[in-house]
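Below: one structure in structure tokens.
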Amino acid sequence: MTDLLTLIVAKYNYWLYVILMMIGLYAMIAKNNLIKKLVGMNIFQTAIILFYVSIGYKRDATIPIIQNAHGGNDTHAAVIHAVDYINPLPHVLMLTAIVVSVATFGVAMALAVRVYQRYQTLEEDELRMRLVDIGPEK
Amino acid sequence: MHWLIDLIVLTFVIFCAIAAISVKDLLGTAILFGAYSFMMCLLWAVMGAVDVAFTEASVGAGVSTVFFVAAVFRTSRRTKD
Amino acid sequence: METIISIKPLLAVLVSLFVIPVLVSSSGKPNVRESWIFVAGAIKLVLVLSMLPVILGGKQIVLTLFEIAPGAAIAFRVDGLGMLFAIVAASLYIVTSIYSIGYMRGLNEHGQTRFVSFFALAISATIGAAFSANLLTLYLFYEILSLATYPLVTHHQDATSRISGRRYLTFILGTSIALVLPAMIYCYHVTGTLEFSTAGIFTGQLSKPAALVLLLMFVFGFAKAGIMPFHTWLPAAMVAPTPVSALLHAVAVVKVGVFSIVRVITGIFGVDLLADFNLGVVVMSIASVTILVSSCIALSQDELKRRLAYSTISQLSYIIFGVALLSPQGLTGGVIHIAMHAFGKITLFFCAGAIFVATGKKYISQMQGLGKKMPFTFAAFFVGALGVIGLPPTGGFYSKWNLILGTLEAQQTIFMLVLLVSSFLNAFYFLPIVFKAFFGKSEEEDNKTPVKIQEANLCLVIPLIITAIISVVLFFYPTMFVNLIKIGLSI
Amino acid sequence: MKFLGFIIVCLTGALLLYGTGEFPGWGDPHSPASIHLSNDYIEKAVEQTQVPNLVTAVLADYRGFDTMFETAVVFCAGLACFLLLRDFKEKKERFYRHTPTGVILHVKDSKKVLKTGKEFEHMDKDWVPSDLIIKTICRILIPFIQIYALYVVAHGDFSPGGGFQGGVIFGSSLILLAISYDLKVLVKRVKEKILGIFAAIGVLIYVGIAAICMPMGGNFLDYSKLAPLVPGDPHHIRALGMLGVEIGVGIAVTAVMVIIYINIVSEGRHEEGL
Amino acid sequence: MDNYPALIVITPLLAALLAGIAAWTEERLSYPIALIGLAVSMFAAFKVLMQVITSGTINYRMAGWAPPMGIEYTIDLLNAMVLLIVASIAFFNLIASYKSVEQETSDRAGSFYAIYLLFVTGLLGVTATGDLFNLYVLIEITSLTSYTMVALGDRDRGPLASLNYIFIGVIGASFYLLGVGYLYLKTGSLNMVDVANILSGLHGSSTILVAFILCMLGIWIKMALFPMHVWLPNAYSYSPVAFARIVAPLMTKVMVYVMIRLMITVFGLDYIFETLNLSEAVVWLATFAIIAGAVMALAQKNLKKMLAYIIVCEIGYMVGGAWMGNQLGMTGAILHILNDALMTFALFLAVGSMVYKLKRVDFIDLKGLFGKMPWTMAGFVLAAFSIIGVPPTCGFFSKWYLILGAFEAGAYHFAAALVISSLICAVLFFKVFEICFFEPMPEGHGHEDSSSHVAIEEAPLSMLIVSGLVSISLVVAGLYSGTIVNTIILPFLQ
């Protein structure tokens, strides 16, 4: 029982991330409205970012900014313990991932506007009907 | 203590996510999405990822939401699902 | 065996390839264009013949171009068999070129530049196939030939030729990809080589059922050989202009198919292996069925070219039949029939074309009495028919004689019967044509409407006379070909 | 589709959960991720780069190559929005307000363009600008936001933030201008051409700084080789290089954010919108 | 100078930025800038290939940091080959595309070139990098640019197709990112070689298994392996010609390269084929992909769509070969990366010329094309033969290795699928040839009112020259495939 409890405490948030990802994925696949799909896409991406960030998390450690880096003398700078600082690498990766996701989001929004301009709707089923209406492909 | 905050915020995040994809008003979705991003940003701050949190605060809760509202402004607000 | 490395086989293949750009660029000037064809054809023939003494001296000429994988290279090797085939193809190419000038100009056909270009490409591929050192190279040229002849077959660009072209490709390309390619790669997978050798490439890796399946895949896969039921492309391809039918469907295309099968039987499996497994009989039975059935069908055809086509199908199976006898006499008879039949059949096709150009007649029933108007044509036709039937004084007799001896040698008496029966059938469907042409009454005589019919122009008549004469000459001097075969198969 | 989606989601979820089975516990300081590389970064970064914010150090130096492409992605997004939405045709319908009387004119012919000035005011079809309070407050706020943005860029080496965050904030301030007034105000102040060029120049600064290292004898992005070019303490040259790079990122991001916003909100016409 | 590895990727990026600036100041300059950028990149790629062949793998440390701390470019024979393919195809396509771009996106050509160069940068970077996360960023660059381009081509359907492409593409990229996350969690590193070293002690781990599956799924989605191919036909047929011509030969091939790289360098063939034993299932999947792609191609009425489905089929070839679990299959797959890139490029070059002249390429629009555009059609025919697998074009030789590999692995179904797909391709292409050859061109083609009728004639010379070069290279690559295998592929695999 305690094993299970420690397991839950140690892992529960990974499970919740998975749930979050799946909410996003479900919205991307099953939602009818294109904007909703985009929201799903963003949820999916942020959930992954969350996953990465939590890889980097370390108990009893502080943010990855070295204190007194330039403030003290040389002896001071020498005592940096890796255990005291959170792993900066996932943060770096996720900064990049966030930028990528916002870029994709922007482009997707622009496309959604274009689609709406052309078909006056963003619902997938209606779009499919419009596509049938405009006839065979050129 | 950490994990308690973490759990509470995480629950909020999931709640916001579900709400954002199930509201029938797209402007509502935009706002809920902003809230979701902000919660997410809190979560990251809790985990010590200040830079990421900062970015998400400015991007996810800021610019993305603005883009979202702009897109909703140029398209329709209502949706069937 | 002693080998010489020489670039000659490559040159012989490439010479008509290099001439294609020249042909295309001189498309506005027909005379210039056609003289180039002759130059190329002559160079080709000279190159081929220049290798002849070496081969007759018991040596081989080899040239490896590209090593694709160990044991599978694009390489040439000139041996007796290849030499025989190359001589036939190269010499008939020149003759056909003369003929096609007459034919195409006589009928004022469109797209003549395209026609001669692809013709040159096709003959390149034929020589390449003759000189292939291994199955990969052979397959390569086989495929090039299939594709190069497609525009020739469909030259008229009308609905009929479209259907024929479709059938042509379906059978030839389809079988080669679906049957030959896997079989070839399987051979390579098992043995690690595709090099032709008289002992065969398999050294005990093959069980009898596997060998049977592979053999059948090859025999049917090389559908250019026209083994039934993959023969229907051949009559269909007769929509092509007659020079195409003549050269490609009496010499190049069909003979490449047969030649490939011969190569596979003698060079890949090896005569001994097939004899051990007793698989020759299987191939012989298939060939026999084709011989008899197609002869019967030929009897019922009224269109001359179609009758010739069915006759070709049966004659091709003679060759396979002979090789499948797996005895020295049978092999000799089969392989030499490649040459003998080529000269005989091309004469017949030339005649059919000449008749068509001169009179516009395609059907045998319309040809009564034409012999008096076109004596040279029909005389040549007669010689050609004798060659195909296998009667002296033509070369055809020699090959048929050897085949019959081969059946005796291999103690397959029943199959000798097949040969005899089919020879009778051959006689039945050819000789009446000649007879009626000379002694029957023409429609014009019945109708009393004088229509001026005379021999076709010289470009058409001279080639057919030449081939008829060669056909006769071969009866008296077959030695060179026989020697080539003996050297090629080391028998 | 819903059912299919549900099944795919369940399968993927199950797969992911299966993978968590062997995860180290959350926040475990001894997990491989926290030991292998991160210790090197934490312990050596300050010494090697003189930048106390480890994230910035890794972002702009150790993995500066990633960041360069990240900026290229942003540039690409800007280009994409321009290519997709920009429409140079003028809209046919226009609305004008006669300022003295408050009468609104609806002009349907695109050729008739009224001269806007004291008498006539061009107004948006769909968007009525906010009232005075919001306008005023925004006007006061925007300079502060912009200064903050500059601070974020400049101080990225020492505290959270950096070129990207600063750029986004600066971009947001301009967007705020558009929202509180209307789009025309923004378009008038920030020319499209300037934005387009700045988006490219920002990235170009980054790539340029990185590329100059090559003729200076170092590898691509090796800031330490820039020392002869820059006066000052060669000890801090990496930090300086990073600052330069961050400024480039900031410029590019600012420009691109505004480009995306303007194009989305005005459907590419740059005339009227939120 | 030994900065060539960086130059390969940097010059297109620089050129993209300069072209972006030129788009706003002096638009005429953007084309020469792009051309110069790609020429330099191609030259650098060539230099690198020569260097790798003579002196072995090149490691280039970005910013001078030793891996795994910094990002490293590891260029071995496989990379170098793919880099040269990508750079040269991009360069030659640019030469051929000047007129098409002028015709299709004249008012924003500068931005178009910038996007084009960014796409090439992404592909080159994906190929050159030795870092798992860097790979992700670069994949996103290629994706983002291709999303844009898809929306630009067909005004009616493009945006919607592109949006759907985004959804699928993001799922693919995110799966890959997740996979890398799982890997990172277990190994703590992102450098491919470093990760591989650590992984060798972790073979039994379920996390690594999931990471592997996620990475593969992500890459498969990006490369459009059946049944994850739905985005591809639209993406290829809606984008502007100049872009379709480069995305079709390169995008999927580079993704196949990534798959092979992950299999060989990161996870290790031992892990995949011995510990996991997944070979058979994936080869079956590839078999279905081949058959499905071929059959769907049969149902198409538009040339571009048909070619797109043929690419789906070709992807099956490469995936199947790579997963065969023996050296022959892998050789075939790698050789097919080169060959397929060349032959799809040749095909799309021809199609591009047709689109340039005809505007639409439904089958019915192609009537009588042999007469009107003989040289374009000659290139098309040669490329088609290569796809069918007629020797001596290069398509035959990779098929040769693939079938040999299938025989060795006992995967006879895969060999059968290869043969069947060849037959179907033959049917497909001869269907097109028949239309072009037998049916006369109708009057007033492509325009409802015959007053604006323009005579269809041969494509511009720039297109023809490139088309001719590529067609010749098909045969040359075929004949020298033995050399390629011996100098590049076999040394790489050993």
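Read from first to last, the chains carry the letters A, B, C, D and E; within each, the first residue is number 1.
In the analysis below, a residue touches a chain if its C-beta (ideal position, glycine included) is under 8 Å from a C-beta of that chain, and two chains touch if they have at least 3 such contacts.
This is a predicted model, so every value here is computed, not measured.
Chains making contact with chain B as well as with chain E: A, D.
Listed here as common contacts of chain A and chain E: D.
Most remote from chain E, judged by the distance between CA-atom centroids, is C. With centres computed from Cα atoms alone, the innermost chain of the structure is E.
Should one ask which of A-B and C-E has more C-beta pairs in contact, the pair is A-B. Using mean Cα coordinates as chain centres, the one most removed from chain B is C. Distance between chain centres (mean CA atoms), chain A to chain D: 18 Å. Centroids built from CA atoms put chain D at 74 Å from chain C. Centroid to centroid, with C-alpha atoms defining each point, chain D and chain E lie 31 Å apart.
With centres taken as mean Cα positions, chain C sits 70 Å from chain A. Under the contact definition stated at the top, the residues of chain A that touch 2 or more other chains are 9, 12-13, 19, 21, 25, 54-59, 61, 63-65, 89-91, 93, 95-96, 99-100, 102-104, 106-107, 109, 111-114. Shared contact sites, meaning residues of chain D that touch two or more other chains, fall at 16, 20, 23, 26-27, 31, 33-34, 37-38, 41, 53, 55, 63, 66, 70, 73, 76-77, 80, 84, 160, 164, 260, 264, 267. Looking at chain C, one finds that none of its residues touch two or more other chains.
All chain pairs that touch, listed by label, are A-B, A-D, A-E, B-D, C-E, D-E.
Residue ranges on chain A touching chain E, taken from their complex, read 21, 25, 28, 34, 37, 41, 44-45, 48, 51-52, 55, 89-90, 93, 96-97, 100, 103-104, 107-108, 111-112, 114-115, 118-119, 127, 131, 134, 137-138. Within the complex, the chain E residues that touch chain D are 1, 3, 6, 10, 13-14, 16-18, 20-21, 23-25, 60-65, 68-71, 105, 107-108, 111-112, 114-115, 118, 121-122, 125, 131, 133-134, 137-138, 140-141, 144-145, 147-148, 151-152, 159, 178, 182, 184-190, 198, 205-207, 209-211, 213-214. Against chain E, in their complex, chain D makes its touches with residues 15-16, 18-24, 31-38, 40-41, 61-66, 68-70, 72-73, 75-77, 79-80, 82-84, 86, 88, 193, 196-197, 199-201, 203-204, 207, 210-211, 214, 218-224. Against chain A, in their complex, chain B makes its touches with residues 2-3, 6-7, 10, 13-14, 17-18, 20-21, 26, 29, 33, 36-37, 40, 43-44, 47-52, 55-56, 59-60, 63-64, 67-68, 70-72, 74-76, 79-81.
Interface of chain D with chain A (complex): residues 1-2, 4-6, 8-10, 12-13, 16-17, 20, 23, 25-29, 31, 33-34, 37-39, 41-43, 45-47, 50, 52-55, 57-59, 63, 66-67, 70-71, 73-74, 76-77, 80-81, 84-85, 158-160, 164, 260, 263-264, 267.
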